[in-house]
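Please read through the structure below; I'll follow up with questions.
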Amino acid sequence: MISYVLDLVGLAVSAISGALAAIHAKLDLFGVIVIAALTAIGGGTLRDLLLNRHPIFWIVDPRPLLLITLVALLTAIFARMRPVPRDALVVADALALALFAMSGAQLAEGAGHNALVVILMGTMTGVGGGVIRDVLTARIPLILRQDIYATAAIAGIGLYLAAPSLGMARPWAFALGMSLIVAVRLSAIRWKLQLPAF
Amino acid sequence: MISYVLDLVGLAVSAISGALAAIHAKLDLFGVIVIAALTAIGGGTLRDLLLNRHPIFWIVDPRPLLLITLVALLTAIFARMRPVPRDALVVADALALALFAMSGAQLAEGAGHNALVVILMGTMTGVGGGVIRDVLTARIPLILRQDIYATAAIAGIGLYLAAPSLGMARPWAFALGMSLIVAVRLSAIRWKLQLPAF
Amino acid sequence: MISYVLDLVGLAVSAISGALAAIHAKLDLFGVIVIAALTAIGGGTLRDLLLNRHPIFWIVDPRPLLLITLVALLTAIFARMRPVPRDALVVADALALALFAMSGAQLAEGAGHNALVVILMGTMTGVGGGVIRDVLTARIPLILRQDIYATAAIAGIGLYLAAPSLGMARPWAFALGMSLIVAVRLSAIRWKLQLPAF
């Protein structure tokens, strides 16, 4: 139940980030809704396809798509009225990354996959939507330039997988992994941290 | 049977539109065939993957791929000889959108999905190939800039879903929805209608 | 066993080509690993999704992903030290195309699909990763401009399918098809062969 609410929060925040990117690219109202939806459900959909989990989560439950459409419309209306507070958005985006990455990882772990696949699926759930958003607006995906983004997800999921072997209860490991992702991501933005580039 | 023939017509028209886009992007003969094929089968393939319908339609039946290859070759030869009549193409493209959108919607409805998923799958079947075409030729997908395209599909499918509850027989609802898509799309082109952009 | 080793060789060589493209696009270390991985496993993953083969090959066997990560890291380190010998890369890339195309074709054939699907799946396995690599680095896919690339794969697979009906044993047909792909590809590079472009 809590996990379902957290998922909806993640969907809403991702939809806002997608809608803002679409508005920035001067798309029309329909484009804004589509990009918002793909940003929000893209990573999870790819994960479900690769893990052969059917039906895909938004096909049986209409709430994710309704929520995303509503959020995209509100974002479009709001963006016409006043500039978006940037700090709120950055925190929200880090939270969505953490929520999606950890829930994707937990899901792959529950299906009995090895640690490498758990990390990969969690990271993909976290960053997949943003990659689709960037490809559709014809940019080199942000994620491939801002590495501390995916690296934050990898670190958090790794901690979540390692913590139980140190005697930590699973829910605490989950909260700890999620906090690490948010902390690493916000630190990377605050102090402009980057991996070596070429 | 009629529905199968309509599908082949849709595939052929989409293949022409894909081939012309590839020729415009100065791709070579192979690129023209590939883009034509992806434009024609892209939306339906994505729909089948998401709905877990296997085998995918062009894997068991060789006719779609043979037809597309033939049409792409003919388009390439024809385009070298004389300019393509633009009006014929616009009408044909609107027809392909209507055919794909309605057949995708009908298919999702037949599988028992809710109205939101039916609309989404129909729209995706209608516009998916064009999005793939535009991504592969490195443009912002046309569909995200010309909203009355997908909006036409959404309107037609919505009418198709609503009509039976008003006492209309299903085949008539199907024909009505399809006509609405063609009419909306051609009106949008004729009078340059657009949704509010940002 | 030999086929498994050949697959790993193909993965490694593709990963090198992906890593070099990412380094060229000035991505950071994480981006290099991701692009290397998508280039190496992209074609095979798409093939498995379309043919509904689950679990996907790299989900049950951790070796492909570990190998790719290692190769991408080594490529990144090596590329900082000295320029990459271009000839070695070209030969390796042709070899990877041949390995992936033939193994993808063999797999589709083993599943009982018709010749058109066998050719399509083999070609997709061979070139799919490169297309994903180019889309993510925001270029028109190389494959759509350098047609002798995919055309080489189609020719080799066609030969592999035709040879047994001429009384040739299957392993020899496999080796022959693979050799043809490498030969056509290297000839095309050496003498700058191209299909007619528009």
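Letters A, B and C mark the chains as written, and numbering starts fresh at 1 in each.
Here, contacts are C-beta pairs under 8 Å (C-beta built on N, C-alpha and C of every residue); 3 or more make two chains touch, one makes a residue touch a chain.
Not measured: the values here are computed from a predicted model.
S.K.: I need the rotation angle between the copies chain A and chain C from a CA superposition, between 0 and 180°, in steps of 5.
M.R.: That rotation is 120 degrees, given to the nearest 5.
S.K.: Tell me whether chain A and chain B, two copies of the same sequence, contact each other through the same residue numbers or different ones, using over half shared as the line for same.
M.R.: Chain A and chain B contact each other through largely non-matching residue numbers.
S.K.: On a C-alpha centroid basis, what's the spacing between chain A and chain B, in Å?
M.R.: Comparing mean C-alpha positions, chain B is 30 Å from chain A.
S.K.: Among all residues of chain B, which ones touch two or more of the remaining chains?
M.R.: 49, 135, 138
S.K.: Residues of chain B touching chain A in their complex?
M.R.: 49-52, 113-114, 116-117, 120, 131, 135, 138-141, 143-145, 147, 150-151, 194-198
S.K.: Can you name the residues of chain A that touch chain B in the complex?
M.R.: On the chain A side, the touching residues are 22-23, 25-32, 34-35, 45, 49, 54-56, 58-59, 62, 65-66, 76, 79-80, 135-138.
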